[in-house]
């Protein structure tokens, strides 16, 4: 039985999840706030669409991204299949609706009167959005954390796009899956424990930064 | 010196019966004008339209002053501000709240600091800067909101029942802060109230709104004596 | 607002750095020749054979072999799409159309292992007394003993279906004693263990798990149970990006005498798992 390179597996899990979360948040947070604040033709449809995507199975995401990145697919030239960057793409697609939708929720929760106050004090539309997001920051923080949690716990999509290649595209979750398949429950539980500890540390560090900031 | 305001033929509905019907209004530069009426008469809607926060379905609002002023929506809106009945505090310190409008306008931190401390002094809340605004009592929050409003030195102040939820000491404090601010800057004040006694205390001219229609406008004493059951009942304090 | 703008800037910079890093790691795989993708089955990967022999390829040719392990059907599917450079599979019935359709350059024998029928040590159906595997299966059906079928597109499942067909039985008509579990070999063995049922397994996986299982080997050594592994380099004519040079080198290496000996020397729990049989 080959040796499981725990360091590689943990490092890649962290890399893929963090990168996907950062990228998704950069787009999803302003988009979510925008959809919550602005009423334009079709905005109701878009908001409902985002919530609907909450139910998107990760297997479907994996399959779609795989077909796109496959060498016989539209994005085959990128050569991103079986690589970490391909896994980042799959994870980003997966958690994007979640992060955007939860941000939408948090921003919608900000009282109408708060928005009125912001506007009457002279805010431009951009300043309004920034302040409302600031007011909704706990909910938005939650959205980002849910995104990260979902990303780091994903198995199917990263297996399909990454290939679970020993030594290069194996992550904690796919390693757990493989070890379990092989009947090695001990290693599986150990890996699961590591994953939870990592998640705890990440959340803890972010909270600390948030409290200080 | 404050701006003069003129509104002509303002009508508004939210898809149902009209909230405002053909409202006309003239406020002189620097005066304290009251908009009176029972709840549901459309006063808050009118105020929001005057503050350029909402568009009327019909009619228009124009502003004038000692010099002629160009119509520039954003910049014009920044010369006015409104205080709500129940002011919303931001998730921030008292200082952060009062400084917000100033930061929007890109003022220097040093000037912001001066203006914030002065404004807090004007409402009797010196020393409150570091307090978390969401932990304040209703009266304190309302005073912070007032400080937040005057810190930006508006030329028009819209007050939507701004003392309706306060106890007498707080009411007195805010009314005197208002008087002091008017004294200092000559700003225009449009006061919405369902309390006729406060109106008579503070304003000389008013407009009486009932279910979106103007029943009377002009000097308060004249409006008070209008031959209309509803007006009479209102000024007696019976119509809320 | 300044604090916020600063924060956004920091996040954007972090994002750019992360993506650049990812592209760099991933790009390091891209130089067409430095990476060889071997598509194979989960049971082959999980046996540990590849971990044992692949370092030899790396030291001889300097190229790392990346193993993507899925079911036989999917491995061949991957190859058809140009997502694998070389395939190591053991499903002749699926390999035949694959070669016919021109997806492989050539197909060479590499090694074999055996399938066996395993089941509860009490052997209620009397499988141990059968003289051929078709008889063994008939006995299980007649006795309505619990039987677990992988029912995925794996080589093992294909073999199982072949045996039912040889026995003249239609698996579609079986009663509830026939369980289609849709799982990998290890999972299926563990389930069979728990339910005290019979199943068809490759010996490789069985010996790997032997310590943890209660079920035992009851029937083996029928030629039908021969599980032939073949290596197929993928045809670049269908997919230009295939790493042909090293795919062919890999095939040559794996059938070469040194690697064949290496394969024979691989054991799990004291049992040899694979028997090299490349054409000399």
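Before moving on, here are some points about what is shown:
Order as written gives the chain letters A, B and C; numbering starts at 1 within each chain.
One rule holds for everything that comes next: contacts are C-beta pairs under 8 Å (C-beta built on N, C-alpha and C of every residue); 3 or more make two chains touch, one makes a residue touch a chain.
The model shown is predicted, which means the values in this text are computed figures rather than measured ones.
Compared with chain A, the chain whose C-alpha mean position is the greatest distance off is B.
The interface carrying the most C-beta pairs in contact is the one between chains A-C.
Put simply, the chain closest to the centre of the protein, by Cα centroids, is A.
Distance between chain A and chain B, defined via averaged C-alpha coordinates, is recorded as 45 Å.
Chain B and chain C have Cα centroids separated by 77 Å. Between the CA-based centres of chain A and chain C the separation comes to 32 Å, rounded to the whole angstrom. The multi-chain contact residues of chain A, meaning those touching 2 or more other chains, are 127, 134.
The set of chain B residues touching two or more other chains comprises 104. Contacts with at least two other chains are made by residues 1 of chain C. Partner chain A is touched in their complex by these residues of chain B: 48, 51, 53, 74, 77-78, 80-82, 84, 86-88, 90-91, 100-101, 104-105, 145, 148-149, 152, 158.
Those residues of chain C that touch chain A in the shared complex are 1, 3-4, 7, 11-12, 14-15, 18-19, 21-23, 25-26, 29-30, 37, 42, 46, 48, 50-52, 64, 66-69, 80-83, 184, 186-187, 190, 208-209, 212, 239, 241. On chain A, the positions that touch chain C within their shared complex are 1-3, 15, 18-19, 22-23, 25-26, 70-73, 76, 79-86, 88, 127, 130, 134, 163-169, 178, 181-183, 213. Those residues of chain A lying in contact with chain B across their complex are 111, 113-114, 116-124, 127, 131, 134-135, 137.
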